[in-house]
Structures are given as structure tokens and as C-alpha cells.
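Each chain carries a letter (A, B, C and D) given by its place in the written order, and its residues are counted from 1.
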Amino acid sequence: MFRPFRPDRPAFLAEILDTLTERGRALLGGRTDVPLMAAPDLAQLAEVLLSRRGEAAGVALADSLGRAYAAAARDQRLAFLILLAEKFGPDPARATEAMNAVTHGQAGALDALHAASEPRRQELFRRINQAPGGTQILLQMRVDLLDALPEMPLLRPVNDDFVHLFASWFNRGFLSLRQIDWATPANILEKIIRYEAVHEIRNWDDLRNRLQPPDRRCYAFFHPQLPDEPLIFVEVALTTGTPAAIAPLLDLARQPIGAHEAATAVFYSISNTQRGLAGVSFGNFLIKQVVEVLRAELPQVQVFVTLSPVPGFARWLETMRRDETGQSLPAPLREALTGLDVPGWEKDPDRATAIGAALVPAAAFYFLSARDRRGRVLDPVARFHLGNGARLERLNPLGDLSPNGLRQSHGLMVNYRYALEDIERNHEAFAERGEVVASDPVRRALPAQMTS
Amino acid sequence: MFRPFRPDRPAFLAEILDTLTERGRALLGGRTDVPLMAAPDLAQLAEVLLSRRGEAAGVALADSLGRAYAAAARDQRLAFLILLAEKFGPDPARATEAMNAVTHGQAGALDALHAASEPRRQELFRRINQAPGGTQILLQMRVDLLDALPEMPLLRPVNDDFVHLFASWFNRGFLSLRQIDWATPANILEKIIRYEAVHEIRNWDDLRNRLQPPDRRCYAFFHPQLPDEPLIFVEVALTTGTPAAIAPLLDLARQPIGAHEAATAVFYSISNTQRGLAGVSFGNFLIKQVVEVLRAELPQVQVFVTLSPVPGFARWLETMRRDETGQSLPAPLREALTGLDVPGWEKDPDRATAIGAALVPAAAFYFLSARDRRGRVLDPVARFHLGNGARLERLNPLGDLSPNGLRQSHGLMVNYRYALEDIERNHEAFAERGEVVASDPVRRALPAQMTS
Amino acid sequence: MFRPFRPDRPAFLAEILDTLTERGRALLGGRTDVPLMAAPDLAQLAEVLLSRRGEAAGVALADSLGRAYAAAARDQRLAFLILLAEKFGPDPARATEAMNAVTHGQAGALDALHAASEPRRQELFRRINQAPGGTQILLQMRVDLLDALPEMPLLRPVNDDFVHLFASWFNRGFLSLRQIDWATPANILEKIIRYEAVHEIRNWDDLRNRLQPPDRRCYAFFHPQLPDEPLIFVEVALTTGTPAAIAPLLDLARQPIGAHEAATAVFYSISNTQRGLAGVSFGNFLIKQVVEVLRAELPQVQVFVTLSPVPGFARWLETMRRDETGQSLPAPLREALTGLDVPGWEKDPDRATAIGAALVPAAAFYFLSARDRRGRVLDPVARFHLGNGARLERLNPLGDLSPNGLRQSHGLMVNYRYALEDIERNHEAFAERGEVVASDPVRRALPAQMTS
Amino acid sequence: MFRPFRPDRPAFLAEILDTLTERGRALLGGRTDVPLMAAPDLAQLAEVLLSRRGEAAGVALADSLGRAYAAAARDQRLAFLILLAEKFGPDPARATEAMNAVTHGQAGALDALHAASEPRRQELFRRINQAPGGTQILLQMRVDLLDALPEMPLLRPVNDDFVHLFASWFNRGFLSLRQIDWATPANILEKIIRYEAVHEIRNWDDLRNRLQPPDRRCYAFFHPQLPDEPLIFVEVALTTGTPAAIAPLLDLARQPIGAHEAATAVFYSISNTQRGLAGVSFGNFLIKQVVEVLRAELPQVQVFVTLSPVPGFARWLETMRRDETGQSLPAPLREALTGLDVPGWEKDPDRATAIGAALVPAAAFYFLSARDRRGRVLDPVARFHLGNGARLERLNPLGDLSPNGLRQSHGLMVNYRYALEDIERNHEAFAERGEVVASDPVRRALPAQMTS
């Protein structure tokens, strides 16, 4: 490695850097018993990295700062993030000057305003990114920031800068789609196990059951800088028809079919893995590319649907049953839904059938008519798929009788359908007019007296 | 592919896109006999891509715009670039509002100014980049723009946006170093032949002679999005001492030495390949990483030098000899240099020796004392290496007696030395005080009466 | 695929092949409900494959035979193997002729004898191997044959032909060494779990604990034709000293050390995976190449030892204690060893210490002096390592207190040491004079009154 | 590396091996100024490698022998090959004993005869093959042997052993097909240039013209042990119809078509590269697999033909014209062919047309009726393709007007057609009945008075 500084550097810096060198060695060797750097030192190092001196020391200095941040104590990291908010924003003098030029109608002034008002931390982040492992450090900073953000709104501009840079760096054009299968390296597979957020993968047998059979697929986006880190992945089942329940799909003992016997591809789980990339959206691109990949490989597969959870349904229904929403459930429905208060209702077939029948119109109302204060569809999963241009295809009561499924939606699951020829029209209806595109059966399930 | 638009789109767009589809097909098939799109249509397409509709159509629309640009006639491309300058800058209303907020001292207003004043074309470029091949299209746009820029200063802001985005996307952290050798794919090797800018590679035998012998190396940076395109490459000779002339290094008949017999690594050629990336600097990083790679592989190699051309020397010397600079050459020197006016002087050993001896003090002056109007060192290659922290090590008259070498520098070549422990100090001396760090022999070559 | 036969082929063959085609399709689709081929049909197909017609139909026919064998019922496979023994040996007429030529002293006759007496099944096996997957089919045939061999000595020549061909095809020059680590594909790792024969790998966490820590390694030989099948693998622990017990090495909670802190490499498990390759020996080559790899990577590692089980010890000791061998244990030893009859002795520290002390001289006798009827060292693991040129380094009572360890060797483990400079001398001493090379402590442990 | 021998080895061996070690080092360093080993020493080393000691020293000793052979002088290599023939054949005692057992009707004796009569050099070759680079050494030995064989028939048994082992090791199941294109490493491409045996590749532009256009393909077989050595390769042109001449296919200025516009695949050149593998046939397998690959990728390609030279035609025609064959050409034909004696006839259109018309019936006779003493078709290329089951499709006079084409066949080229559904029938007709399957036009071209 380069020795990054000359002998006559200021004392404080010498100290910092001697420490750093030692820590560098220590970090590389896996030890953690090193003196830790405090936030002001980190900020000082950041200033050096932004200076002309930083240009020359280049990668070595960026590397030092990254390691020092990674090794710093939690409170010092947070203090450093606050310093980023307070001291590494736009240069006020430069911004003012640029604003004056605009005000005076100077030629090209408007074009120059953007560069002149760039927060200094954006350049800092770009320089940190030059070091090996820099991207990971920045993702870690963002995670630290997200932890603190709810309590510290002053960090919001720093957060915005992260989102801006990450959206540019993790541009869809830089991502590559890879299939995850049983020949994928174990260090990647264990991340699939860890990050699966929808239907927990209990162990390696469960994982294999989702990857190895001929009627199962999994695809992920990767970024070249993070070759062992799937950024987002989707699990797909190839089936003969649109499934109404999750348990049969995950059954370890089920009989697989041949891929060429399938007519339908079911996206039954989609999970993001990098919390540091929150706000940088990949799901839309992933689903659409997987549809294209599957169409090319299996032309006879014509139907692309999800089997999705309804995470907001039970909470909303609770408020409806308590009449807290100003809207009311028709009496027979309300009556039928009292069965939900009997623990274990889902195990009694008659009761379950009756409740299932009552959940359907309630769910139709939940999706088609209920809205939050900002006028939005209530369900976050619905917002994602409808925003992508999918259509709400079918309501499946008793679709997920796991404890989690019962808790969040009384077992309700739904299918969203991606019909390529309608995606853009659906998206526009939803995005511009808030219109939920749904199949006829879903529409007809809406009780006449409940159209809001 | 997605059908990107709904049926009721405006007629002109339908037309554009029908054309596009056809062109798409045609482009894929390699034909060019298709109706071409004019600049206003391209701009319209760009507007759609930036709209909400563009979000949904996503990659497909970006792809269409990219292909349409690539297929457009030269004048229409240029007209489109002008539209980018005129219509896709910052939104003035949004910028004004943000400026007002700053002026009124609104909390967070300064932080918001940057985003509010972003030229719309930056987001446009990011979206074009989402399509397969998008990066290549953007690089092509930049090349087109650079062709026109000298005549059309109004394109400068567009150029700035390109540089800004490319610097972020081609961040050193995203580049990977690869060795180029005789087992490298031919489609990459032919680019090495094509892009070598310093000492032309005449044919495949010449190329092999620079790659295959045990005492030759070549390294390049690659970006994951352009896997077959070396962005910059450096050619290295492993030698026993610091060479004073280029011809022996390139001699097809020379006897190679074993890599482990070498004491010196000579960077004898460094070439950028992507004109579209002009202004995004890789050379500094490349040289330093190659030094690290070689030190790890061949610890006995202790000296890292260049053998570099001096492209500005002959032109400068001409002005000196004409007394146009206000400085004058000592009379004996001036006298000795009249020999340069005798064609073929380099083939007469006595004459060549005499002239060589006279060129050395002149060159010392050229590097150490002569400056341009902005106070800068005259030689662009010197500015590059000195700016990287290298030291001017040795002046080699008669180092390159090729027609090109004679034309640009009367055969003079120089060595710059990269001594890792001095790089930062050298860089700072040069960058902050304009000081040229040179070896003692070079300093001593400066005629006493010529210190400026 | 080629249609391998012409329309006017004999009826029986048409039938066989129609069936085959159907089965082919079925096999590819994963179904097994197909009419099965009987042994005489398989033999008929083999005759065709050996005929001139077989030359032309080539790969397709070989493929058909392979699939038909794989799909055949167990008894028909066995019947086919018997036909291979009876009908596909050397051609008696050709062999006799060649023998006559030798007898008459014909020039070159001796050289020709070998080819003339080649069993026809060798060519058959070579032709089967031309088909994709042919190698796997042949390995399966061998497994089937090994199952039957003890009962059917007439299969021995077929077995010999397999060994001969496999030894040639799986020549060490065709094998490649690959490290198995946590980035290895899961479909290979699950084979490591399945085939570990010495210390069972209980689950994926156990596996990771043997692959991922910086002081653990695993290496395997692969054949290009079986890229997902490790043929043999060895698990290695990097330690500071020679370990005396297995449990601490496998402990999930242990603290790893850095690879560069290690002084010793411990081969604690070596397992073959392909029963079909029984008799083709890789272990010797594997250990020696891993030693070379580790020496290159970690020059400070100077000691290469095993930590090995002693599978024959308990059984032998039982016979000794019953005085069945004609040799007798010294009385104090015999007395001390009665403790072995107390269940759970290993959990009582005093008792365990006493028994351990008594096991050492018994073990020294077992290795150094006891021999089987053919005069061989009794322990198969000892024969392997001593035959490779290793030295018996240390006896470790209480080295493996798992149920299996107690059962086979009352917990005894041993270290064999591979000292490269002695390997050849050790090998020769063992191979030519049956001499067991052992360290001084092991020699001294041998009770004076027990030298046989 | 292992030190392969113990200190008390016999003096001569110590000397040999000391030398070897030095040479080993020297070879690795690329020098050749080392003492060379004589044939008896090589043979002694071979004996050691075959001994029990060889087992232990294993790879290291095999490596030494390989290097010593590679470094030996030409005459010593040849002397060593003679020693292989004389001293490393079957063990006469062992063979005699096995023969006696057969004669006495001993059970299993016939099965044992093969192993007992194996030439000792087969095991020697297998052991040499264990060393890195062993395969290459053996291929070199074979080349040396082939050079000497015509003069030294006593080497034939050694040659047979090579063929036997190579046929087993280079079994089609172990080969992999790879496409050669413009992204193939240059070190492989230069071998394509060097080994092209049919239509010389003049330079890298000529090569690119055969690889890069969308209507050109090249495929080769590789063996895992020789990853940079194509064993055999075929060049393919995708065309709309069956071509009658080679020049348009190789024209650097021609306009390519899209691969999906092609209806015909033309195998216009097939070349073996490894002289050491002479007698181990790959061509049949290569053509058939390439047909399968192309059918899968380009289903609209329905016709697979060659455009082949006729290397024996001019020589045969000469003898016919001299009436040396006992058969005679019909007078008008003979008359027309006198035009061949006019140098430059091919440049005179009228003359060329007339001669072309006369060459066709002569060629029909050459292929369909003329036979050599052993009753075989005269043309070696015809024997290859007809033996593979192809059909003689068309005679193309004036197909190759290059000097070489004129010399060997007066410009005649032919197409052989591979129609998969007929391959086996054609092969059988040719192999069993010597019948040349030809198209109707070819048959009709045979002059009535010349049916032999």
C-alpha cells in the first residue's frame, strides 16, 4: 500500500493516521482491540479526502476513512453522520454566488447553479467509493442513518444524497439478472435464506425445495461491485393453474411437474436484501425481466401472476368492525365476521367456509374503495404491484393459514396478474387516476351497499 | 418486448413508434434502409421517457430512444443535442422557487437547491442508461457533442452533465484491472491495436511482441457495462535498467529476459480508448495499481519509470529559436541547434551527438522554467505525470528517431519516475506551488544563464 | 438426435429401438412407467454397438444402450453383467491364432498377443463412454457389479476390465484439484455432506464450520467428465500444534486462528465418493498435492500430519484379551484394560486416564508387531498412510469419544506424519520389508515383553 | 517439489537425477544450455518409474522423465524409442505362463491372457501421463516416432500402443465442442491459422473474415488436458444455396447475410491439428455434432453439405490420359482434355467451359468406378465423407482455380451431403459393399461406355 502522508503533516493528522495504519493492519487481521476514532477525527479525515491532497493519496486515503468508519463506535458513527449533515452540505458562498448570477440573468447561470449547490458530501461519497469495499461502507453508513433518521430529521438531506447517488450507481443498466439454483454458491444461497421476507425459508431442505425441482425458479439482480450479494430476488413456481393458497406450493412432499407442462408462472415471493438501498426500486424491473426470460424459455407459459400477502387487511378490518372508519360493514357481513373471534376458526371446515365467504366482499372493499388519508390504496403490496401495472385478479380467502398469515390478513391472499399488453394502460390508470384495475370477479365481489 | 404505448396515444407518436418498431427490427438485422427520425421527434420521445408514462414503459422506451438516436442522421443528432441544451436544462420555475426559499432562510432550503436545479437531461441520461446498450449510446452522444463543441459553446452545459454522470458511473471503484496478454480474446486485442496512441502497433506480430514475451505486460481498466472495451491501457517492459530509447523496446528481434531477472518496470505507452469519456481521468489510478500489482508479483522490481514522449518540445523550441518568447537561448546552444535544420541530421553520428548534447539543456529549460500564459508547465505529458506525483528523472536525446518522434521533439524522450514514498509530496509540490520535481542531473542540465 | 437405424432392420431390433425411443423420451421427462428391456435385448444392443453398424450410429446408439441399462430392472442388469462375463470376453479364435503365432516364434507375435486377446467388453465400454453421460452409466454398472461380485466370482474378469479402463481414464494427469469452500455450489457441497465417511457432517452448519473459518480447508479431485462430482476429498485443519483429539477440531464454538498463525496442517478426514471407482487409488496423490499447495500458500506451515481413526483396534484387542491370538498381553495391561468393560468409563476421569495409559502400549503392539495371516499390518488406515510413505507419529488415547470412536478403537486416534524428505524412504521400507516407520515415542511405548 | 530419491541410490542414478534437477530448473527458466541425457539413461529412468519405487516417487519422477525426454537430442530420443520397442514390450515369461494356462484349459485363463501380455510401455505411458504436461510429452514422442516409422518398422508395436492409449484417452466422451469466434483467445486463434490445412489462412484479416461475419462459424473439439489446443476444427459457411466454388466464400469483400436467412450450412474446411493423434479419428463425430448444434440454433437450415477438394484427381487423370490404367477415356473426352496442357486455360472462358464440361464425366468415373488395388475408392477425402455416411452430391469443375486447386484437381471441387436420415444406410452401403452413394446428376454424368 502507499504510505499516504508525508512526514511533516500536522500533528493531529499524524496521530490519526498512525492509529489508522495500525487499525488497518488490525482490521485486516480480524482483530478489533484497536483504539477507535472519534467523529471529529473522521470528519477531519473526510476534509483531507476532499482536499487536493486527497486527490493524490487517492484510493489509500479513501480506504482509510472507510475502515475507520467501520471500526468506529456506534455513537461516533452517528455523530459523524450529523457532521455530514451540518458541515458537508453545499458551500453557502458558492451557492450564493451562483444564485446571484442567475438573478442577474447571466448567461449559463441557471445551468451552473446545480453544480455550484452540490452538497460536498456527494463528492465525499464518490471518493469513498473509489476504495475497494467502498460501496459496502457507504451502504453501511446508510443503514446507520436509517436507524437514526426517525429521531433526527436533520439527517434527511444526507439521506437524500445517498438515495440520489445509489439510484445512479445501481441504475438498472448496471444490474445483471442471474438465476439462483441448486448449483449456486452456498455463500449466496445462505443470503437467500436470510433475506427471504415473505415466506420464511426454514432450512436448507426448504431452500432446495424452492430451487431444485424442475417447476421452481429463483432470479436475482446483482451489481458488479457486490458479486456475492443478491440485491433483490423473486421466487417463482411453474404451475398448471393460478394457485389460491401458499402451503401446497411450499410442501416438501409435493410432486413436481416438468417445466414444459406448466401454463402459469407464479411469483410467490419477492424480497429486497439491502436495507441500505431502501428507496432505490428494483422490483418492477425484476418482475418484468423475469417475465421476458420465462417467455423466451417456456413459450407455452402464458399467464404470469403473483400469489401475494395482504399485510394491511386484518388491521383495517379490525377498525371497520369497530366502526372507527366512518364507513360500515353491511350487517350480515359483520355478523359473519364475528366468527373470526373464535380462536382456531380456520380448523373448523364449516366455520372456515363461512368466514372465507364473508372475507371476500370485505377484501373487495379494502382494495377497491378504502383509501388512506392521502387518498392512497391501503395495502403496500397492492400499491407495489398496481403501480407496476398489474391487475388485481383474484381474492383467495384461506390462502395462508400460517400464524403470520392469520395475523396479518385472516389468511387472505390475492393474485395480481401481469399481462404485458395491459401493463402500461393499468399503470397509467393507477398512477394518474388512482384507479385500481381489477378482474370482473373481484369487482362483482364488492357489496352494492359498500361502494364508497 | 413490451408494447410500450396505449392505443389512444397521439397520432405523431404512434407514427414515430411504428417507425421505431420497424427500425428496431431493421437495426437488429443490420439494415439501415429505414425512415430516420428527426430531432424534434427524438426530443418528444425524450419527454415521454421523462414523464410518468416513461416510468412504466421503462426499459423498452429507453431502448427505443437509444436506437432512434443511433439511427438518426448526423445533422439530426446534432439538432437533438442542441435541443438537450435548450429544453432539457433545469426547470426555471422550480429553481427560482428553491432560490427564493434559500433567500428567505428557509430551513433545509440550501440542501434542497441542488436537486431543484438539476438539469432535466441528467435524469434523461440515467433513464437511457437503463436500456441494454444504453451506456454505449450515451458515449456516442458525447462523441457527437465533442465534435460539435468547439463551434457551439451552447452545448457546454450538456457536456458538463455528461462529465458529471460519467465520472460517477465510471468511478474507480467500479473499474476492474485486467491483464491483457496473448490469451486475451481477439476482439479485445484488435482494440488495443486500434487505440494505441503513442507508438503505433503495426500488425498482429507487433502486438504479440508486446504481450507474449516474459518481460512484457499490458494492463487495462474495464467497466462491467462494457466488458469488451478496455477504457485505458498501459504497456510495460520489464528491464534491467532505465531505457533511454524506444526502438530497442519494440524491436521484434530482441532477446527477452525472464521476468524474475528484471529490476525495472517501464511504462512506455499509455492510451485512452473512449473519446466519449474525455475528462474522466483513469491514468493516475491505472499506473498506481499496476505498480502495486507488479510489486506483489515481482518483489525484486524496485524502479518504476516511464519512457515518455515530449509532444510540445519541437514547437516550443522553434519559437525560442525565433526569439518569439522574450527569452533567449544562450548563443552556443542556439548555434549548436542550427544543426536541426539539416535534414537527416539524426543519421550522421557526429552531428547527432552534438545536437543531442545541445537538446539536453534546452529540454531542461523547457521542463523546469518555461511556462504557458496560465503559468503551467508546457508539456501535456509532463503535466499528467508530474500531477500524479512522478519525478522528472532523465532527459534522453535521440530517444525516438521515428518520423513522429523527430517531428514532435527532435527525438527527445524522457523518463518520469514513480517512487511510491515520494508521490504525495511531489504531487503537492506540483499542484500547490507549481514546482517541478526533477532529479539532480536534470536540474544540473539547466544552463545557469537561463534560469527564468 | 439421429434416427439410428434404417427401415429394413430386423424385427426384434425395430421393436427394441421403438421401445428405446419411447423410453428415451420418458427418461428425459423423468418418468419411469415404461416397458423395460431384458438382459438378452441389452446384449443384442451391445453386439450392434460393437458391429460396423455401431460405428456409424455412433453416439446415438451408445446413448440408447446406456439409457436402456439405466432403466432396466435390477435382475436384468445383473443378467446383463453375467452375459458380459460369458459372451464378451476375448475372442477365443483370435486369441488362439495369436498364441500360435507366438509359439511359432513369428516376428512381432508377442507384441500382437495383447491386442488379440482383448476382451470385447473393453471396446464396448469405450463405445458406451462416447455418449453423453456414458461415464456415469459405466460407474453405475460397476456399482451393480460390486454388489453381486462376492456371490458371483464369474464376474471377476468384468470387474478387472472396469478397473483397467477406469485406471486409464481417471489417470492422475486428467484430474484437477479444486478447493471446496463456502463459495462452492450447493449441489457439490451436499455431496461432501453425503460422502464424508470418517466424521459425519451433521448438517449445513457443521459443513460451514469445516469450510469457512480461515483455519479450515477442503480439497477435492475432479474429473472433467464429472464436473459436479468430487472423486475424493480431504478436510484440513490449520493449527499451532499436532492435535490429539477430534472433538476440539469439530467444535462449532471454537475460536479460529488466522491461516498465517498456523504451524501445522492436519488432515483429519479423507473420503472417497465413487464406489464405482473402488480399486483406483487417488488418496496418495491427493495428500501429496495438497501438501504442495499448502506449502506454496503458507510457507510457515512445516508439519503435515493426519489425525486418523484406528478402525481395527477394538476388534483386535478383543481377541487379544480373549487370548485367541496365541500372543498374550502382559498381566498388568490386561488387568488395566478390564476397565473397558465398565460402560461409560470414558466419562470417569480417573478411570479414563488409567485406561488411556494402558491402551497406548497395546496400540504400539497393534501397529508395530501384530500382523494378519498374509503378514500385513492389521489396520487398513495404517496400511494406506504407511504405504504412502508417512510415519506413525503419535498414539492418542481418548482421541475420539464419540460412540463410533469408542466402538471401533476405544477412543484411540493416531497421527501419521508426512515429512516430504522421508516419504520415499519410508515407503520403500514399508513396501519392500514390511517395516513400520514410527517415531521414537511410539517405539518406546511397545512393552519389552511383547516384541513378537 | 518432492526430492524423489533417497541418498543411497545407485551412483549412476544420482548422477542422472542431479542432472535432471538442474535441467528441470533450466527448462523452467527457458534455457537449453544443459547437459543432455542419453537414451540408456532415459530407459533406466523408465525402469525406475515402472518399479515399486516409481509408485512412491510418483508424479515427480514421471515429470523428470518427461522433461529429460523433451530436452534430449534428436538421435537419443530415437534411440530411446527403439529401446521402448525392444525392452518394454510384453514380459515373455509372464505371457508364456498365461498362454500355458490357456492351453491347459485353466478356468479364467483366457480372460487373464490380455493383462499378462500387456506391453510394459503401456503402463509406462500411463505413468508419464500422471505428470503435469505428460500428455504433451507423449504426443511429442508419437510425433518423433511417426517421423522415424517409415524407416524403422520395428517401431510399429510402439506406435500401436500409442494409438491404443490415445484412442482411449481421447475418447469422444472426453472431448468438448467449442465454437471458435472472434472473441476466442488469440493464442488459440493463431493455431487455427497455423493448422488450417485445406485453404490457407493468409493473415488475421483472412481469419476474421472466417469467424466474425454472422454467416460464418467455426467449431473445434478440445480435450480437457490440452485446453489451448484445438484437436480438430471445421469451418462453416451459412449460405442460401449449395456453393460450387470456394473463392466467393473466402472473398474478403463479400456481403454477409444474416444467419437466419441461411438455408444451407457448408463445411468448407476440416483440419486436424495434432500429428501425434494420427489414427485417432474425430472428424466423423465433429461433423455430426456440428450438424446437431446448427439444427438446434437455426432450424431453418435444412441442407448440410461440404465443399471439398479432390486431392487425387489430377494424378489419376494423368495416368488415364497416358492409358496406364488399362481403362481408357472415351475419345471425345480425351480430346477435350488436351486443353489441360495449355497453361492458363482456366483464364480463357471458352476453353475453361469446354474443359469443365469434360472434367465432369471423368470425375464421375473417378469417384464411381475407379478403384485402387485394394478395391478402394481412390480419393482419400471421398473415403472420409462416404465412410461417414455422406452422399456424393455434385461435381463442380472450376471450383478452385488457385494454384493448389489446379495442381491437385484441375480446379475440380465436389459437394458431399450429410442427410441425417440417410447417414446410416449410406455408411453401410459403403462400408459393407463398397457402394458409393451419389446423387442422380452425378450418376448420370458417368459416360455409358465407361462403366467399369
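By our rule, a contact is a pair of C-beta atoms (placed from the backbone, for glycine too) under 8 Å apart; a residue touches a chain by one contact, two chains touch by 3 or more.
Labels paired with UniProt names: A, B, C, D = Malonyl-CoA decarboxylase.
Predicted, not measured: the structure shown is a model, and the values here were computed from it.
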_Shared interface partners, meaning chains that touch subunit A (Malonyl-CoA decarboxylase) and subunit C (Malonyl-CoA decarboxylase)_ = none
*Would you kindly say which chain has the C-alpha centre located farthest from the C-alpha centre of subunit B (Malonyl-CoA decarboxylase)?*
C
_Approximate Å spacing (C-alpha centroids) for the pair subunit B (Malonyl-CoA decarboxylase), subunit D (Malonyl-CoA decarboxylase)_ = 49
*asked:* Just the number, please: Cα centre separation of subunit B (Malonyl-CoA decarboxylase) and subunit C (Malonyl-CoA decarboxylase) in whole Å.
replied: 59
*How many angstrom lie between the CA centroids of subunit C (Malonyl-CoA decarboxylase) and subunit D (Malonyl-CoA decarboxylase), rounded to a whole number?*
38
_Shared interface positions of subunit D (Malonyl-CoA decarboxylase), touching two or more other chains_ = none
*Once you've mapped the touching chain pairs, tell me: line, ring, star, complete or other?*
ring
*subunit C (Malonyl-CoA decarboxylase) touches which residues of subunit A (Malonyl-CoA decarboxylase) in the complex?*
29-30, 182-189, 203-204, 208, 214, 228, 258
*asked:* If we count contacts the way the header does, which residues on subunit C (Malonyl-CoA decarboxylase) are in touch with subunit D (Malonyl-CoA decarboxylase) in the complex?
replied: 1-6, 52-53, 55-59, 89-90, 92, 95, 99, 102-103, 108, 110-115, 117-119, 126, 129-132, 134-135, 156-157, 160, 164-165, 167-169, 171-174, 224-225, 284-285, 288-289, 292, 388-389, 420-421, 423-425, 427-428, 431-432
